[in-house]
Amino acid sequence: MIVVMKIGSPEAEIKRINDELTNWGLTPEKIVGKHKVVIGLVGETASLDPLQIQEVSPWIEQVLRVEKPYKRASRQFRHGEASEVKVNTPAGTVVFGEHHPLVVIAGPCSVENEEMIIETAQRVKASGAKFLRGGAYKPRTSPYSFQGHGESALELLAKAREATGLGIITEVMDAADLEIIAEFADIIQVGARNMQNFSLLKKVGAQGKPVFLKRGMAATIEDWLMAAEYILAAGNSNVILCERGIRTFDRQYTRNTLDLSAIPVLRDLTHLPIAIDPSHGTGWSNYVPSMSMAAIAAGCDSLMIEVHPNPKKALSDGPQSLTPQGFEQLMQELAVIGKAVGRWEKPTAVV
Amino acid sequence: MIVVMKIGSPEAEIKRINDELTNWGLTPEKIVGKHKVVIGLVGETASLDPLQIQEVSPWIEQVLRVEKPYKRASRQFRHGEASEVKVNTPAGTVVFGEHHPLVVIAGPCSVENEEMIIETAQRVKASGAKFLRGGAYKPRTSPYSFQGHGESALELLAKAREATGLGIITEVMDAADLEIIAEFADIIQVGARNMQNFSLLKKVGAQGKPVFLKRGMAATIEDWLMAAEYILAAGNSNVILCERGIRTFDRQYTRNTLDLSAIPVLRDLTHLPIAIDPSHGTGWSNYVPSMSMAAIAAGCDSLMIEVHPNPKKALSDGPQSLTPQGFEQLMQELAVIGKAVGRWEKPTAVV
Amino acid sequence: MIVVMKIGSPEAEIKRINDELTNWGLTPEKIVGKHKVVIGLVGETASLDPLQIQEVSPWIEQVLRVEKPYKRASRQFRHGEASEVKVNTPAGTVVFGEHHPLVVIAGPCSVENEEMIIETAQRVKASGAKFLRGGAYKPRTSPYSFQGHGESALELLAKAREATGLGIITEVMDAADLEIIAEFADIIQVGARNMQNFSLLKKVGAQGKPVFLKRGMAATIEDWLMAAEYILAAGNSNVILCERGIRTFDRQYTRNTLDLSAIPVLRDLTHLPIAIDPSHGTGWSNYVPSMSMAAIAAGCDSLMIEVHPNPKKALSDGPQSLTPQGFEQLMQELAVIGKAVGRWEKPTAVV
Amino acid sequence: MIVVMKIGSPEAEIKRINDELTNWGLTPEKIVGKHKVVIGLVGETASLDPLQIQEVSPWIEQVLRVEKPYKRASRQFRHGEASEVKVNTPAGTVVFGEHHPLVVIAGPCSVENEEMIIETAQRVKASGAKFLRGGAYKPRTSPYSFQGHGESALELLAKAREATGLGIITEVMDAADLEIIAEFADIIQVGARNMQNFSLLKKVGAQGKPVFLKRGMAATIEDWLMAAEYILAAGNSNVILCERGIRTFDRQYTRNTLDLSAIPVLRDLTHLPIAIDPSHGTGWSNYVPSMSMAAIAAGCDSLMIEVHPNPKKALSDGPQSLTPQGFEQLMQELAVIGKAVGRWEKPTAVV
């Protein structure tokens, strides 16, 4: 349920309502929107009568039931307003959200060595990326494949961060690594294969860094929003949803089927920012430009693109990685669409 | 196999080679590209040695094997050059192809009555559509649902054509109706459920009107190109491929999963023009604008969009139909992207 | 809706009710069950009140609404009673149905020549098959693959029928061939790719031979029953449903995913007999025995199994064909399970 | 690679070869089969020449390369011989394997309270189950659903074990709980949603209790065997594979599509025992008997069936749970098939 407050409701009254509803055994959550304050309610609300809550204060404008099983993640929970995920990076705060410029995340599948990660970071930064992706702990289908350099890779990411000012995003696969990853990363990624690792979701929800939640390869939109709900319910409201291709019957020419319709569907259903990963989504770098163009035209808030200085020699996912040159060219093409749809960052007056 | 001729090859020599190869039991097909002439060869080529063919004439530049199972539909068969499908309409020739402006097809699922089809035609024409879609024979899941008005609907389409100058596209479900449909339609549609109705494919391949071939809901890209190959092999080279959503595990918020990655994949594999149907692809009119924007940004050559004057009262597929106003607004939004990517028709000097 | 008559209702009264309801604009269909007579009603029944019908005669026990979209195919339409499909063969009537022994259909994918089809027929007959399958018109993914020998293959099937007494089942792909196929075949197959070729469904529904309706590779159970409904609604009540594998994300080790749960699900939903095709369902002959065993244990009424005298040299589908010896051995293994579940034909006293 | 030793090879020689190959940087694993000893080799074998290994000892019969990406899990790794997973229970050792009677696991989705778990245990034991399943930690789509009673549920399982002699199988969701679960459980389950939680796989591989590895809902057979390989590679060779339904386009009448063809496919590819869970596989208790019958006929080694004393009041998965009576009846029906295929436990002389 949500309690929509009238414009101009006094802080003290909002606090009083909050306390009252807490006494009722509910968990109120204050959401400050552009115009109005909304109090989200989670708990045993099924038996509650909205009218009963309405009577708690004359400052309450409306009490509405959230019909979706994902409560906090639903667009209704914020009374229709998009949320913003603000991330601190050395170069300043970057905001992911519907009313902000597209945020581009780029980098290699895995952090391989210092030279390659620094070089990649510098190149993608120069082309306009705001975040560097790079795997320290890699979920690999085979136990015999390269599993990532772990902690030492985190240190290399820190160096790349320092050298370029880019924010860092990297994946957590094991709750035991969460603390150290949170030390180094600005955003923590939960990968497709762990989207329903509920223990991990609870733990990333209980820490403070923003979470980049990839869609599971057979997850319905609803499964995915329920996974986000685990994180939100654990106390972390900074969740970015990332579509990365679903598994379908046709895997001959693309590794997955990139479900771009997730963009308008999620926009309807949730207030959370939406990212697209065309690299995993298609599995082939030559399809990445076209799908990136489509994603921004469809309204996504962020793109995650794999870039490797030498894709042919990559330790993982080479075929889907752009070269730095390829990425630079793509960013120029994206700018054309991005400007056309009003989602491209304006150059600052003095640099 | 394809035989690439040197620039400036004399016509007589090309004819001679053609005759020679016919004598060998092959079926040569002359393809005149922008710069070069290519002779496509279909038949028992597996045992042929390219060098052997090379020796037939000093004007032969190269003999290449087409590795794909779809020969005539493959991009290789035209030596990498896109094909154009030119359609005559009362308002002039409209060209579908990679190097031409986006062609928009719009109209209702079914032709319901004269008033609605004429009104829709006028409205979509005013907004920039080049073709009117409208079902006369409808493939319906239930035998008890409205099955289309048949021949009388074809006559109403003819009236709409006359009134507006729009080209007409309508679906054939039964080979027995092919002749009469070909009389009225400028483009003949083969629907998703008949994509592997091989008897029908052979018959639409044996007549002269261009064919709009929708992807089957569980057809792989390769199945689809093989279906196109049936039409091409029967002698009709004017085929437009239309993605309309595939069937996946998630059908809660969209009716199908629109596979936009088909655009760059097909561009790689085939020379045929590519269309997208976001109305069937998503099943909901509110997702159509976003997916249309994505489709044009991804590089499609044509869009097919359902428009109905009163979607709530539509005899079929109401939820996925835009109103004429909605369509008009969408066309304005599409123009922005279309111009940005250089795929929007330039206004003619005098109108 | 169905009208359940009391036990012992006089024929004349049933006829009177029939006439009365016809006058109301409905299409009554008399179904004679083991104990009771039921009158099935199709038409504009949504607005009818069951009580109103109840008043037509004191011999009416109950009037029930059929909630499913497939009316005639639903189990309710026969008040829970299974239907029987009786097929005349030279060796006598064979019955497909829940309360009858398993009917085994065997034979090659395609009829290749007289020797092979006669030999196969004799061998499968000796092992216990009741029907010979064999394609005369073949739905092939590629236009360049062997398309079947057509009419001459039908004649060879007729010879095999005469030589062995086996019934014949063969596929129709084109309505234009329906008449000649119906002359030669005892059962007409509609293949997976034509399951939603509604024109063809109406035409096989309008002729008298029993129809073997394969499930489309992406057809839901409901789509499939609606396809059967097309045939039933056109007047042919002899429909056998055949599961032959659906298309899923995993196609590496099996060609399709055989959905054996369709057996209990269909048993619940429909009165029609249920067949399983483990050859297409798996695509590999070494998986056919295990899936055949499973199918009979799960309760299917019929099995369709590919048998070829020399699978390695088969013109189509060799990898999924058993040899005659393999089939013979399988039949012995199936007999063990068949007897255990009471679905194996008892040997007649004197043969 | 595998090194097949000649019959009668002396122990000392086998040890010597082992040491030698260890010196080469490989990880040899001795597998004692019925007739022969095989030494499995994992490591950098790609560049090794089998002949080179052959020369190490005259007692080596053959050196064979394992072509599959799953090495230890492949049937080849054991030179074609099935493995046995032996589990100690209070009532004696129970063996899962191709040449042993079917092992039935039964019990509720969640352990709800002492009475229900004890009662269920006694009832399923009386009907012939060897293991009690029961969730202490539950993977639930919603964070607001019942998440299991955790440690206290483990204690109740221990009581049920003591009361009945049944072995216990329960799911681990979080590596942090692994130690305590291993204390109470005889078999540790890794659920479908964690099938590619590689961190967890490594940890269950590093402890000694047998592991019941459910197939992920979009996992290919190969993904699944690679997940098993993670466990085997970490040192635990006691893995049982359990098919529990995959996610497909049709979810209207069944929750998942039970892929019974996994049985013969896995039998070909791996030596590991194969279990089927028809309860999750279909999601409806009325489809469980038919699919259980099919599974045993198809050759599975184990069945996992949900049983709840009062399915309508179950805290989770009620619709797919049999009652104890339903389970008893099913076991009688299964016995008929089980005996027919020689996979039913023979009654011991004196009980």
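A, B, C and D are the chain letters, set down in written order, and residue numbers restart from 1 in every chain.
In this text, a contact is a pair of C-beta atoms (placed from the backbone, for glycine too) under 8 Å apart; a residue touches a chain by one contact, two chains touch by 3 or more.
From a predicted model like this one, the values you see are computed outputs, not experimental measurements.
Visitor: Averaging each chain's C-alpha atoms to get its centre, pick out the one most distant from chain D.
Guide: Most remote chain from chain D, centroid-wise, comes out as B.
Visitor: A-C or A-D: which has the larger count of contacting C-beta pairs?
Guide: Higher C-beta contact count between the two pairs: A-D.
Visitor: Fitting the CA atoms of chain A to chain B, what rotation angle results, rounded to the nearest 5 degrees?
Guide: Rotation angle between the two copies comes out at 180 degrees.
Visitor: Report same or different for the chain C and chain D interface, where same means the shared residue numbers exceed half of all residue numbers found there.
Guide: Mostly the same residues form this interface, as more than half of the numbers used are common to both chains.
Visitor: Let me have the rounded angstrom distance from the C-alpha centre of chain A over to the C-alpha centre of chain D, please.
Guide: So the centroids are 36 Å from each other.
Visitor: Roughly how far is chain A from chain C, centre to centre by C-alpha average, rounded to an integer in Å?
Guide: Roughly 51 Å separates the two chain centres.
Visitor: At which residue positions does chain D touch at least two other chains?
Guide: Residues 218, 247-249.
Visitor: Show which residues of chain B lie in contact with chain C when the two form their complex.
Guide: So the residues of chain B touching chain C come out as 42, 69, 71, 139-144, 173-176, 193-194, 196-200, 202, 216-218, 223, 226, 229-230, 233-234, 247.
Visitor: List the residues on chain A that touch chain C in their complex, please.
Guide: 218, 247-249, 251
Visitor: Taking the complex as given, what residues does chain D use to touch chain C?
Guide: Residue positions touching the partner: 218, 220-222, 246, 248-250, 252-254, 257-261, 263-265, 267-269, 281-282, 286-287, 289-291, 293-299, 336-337, 339-341.
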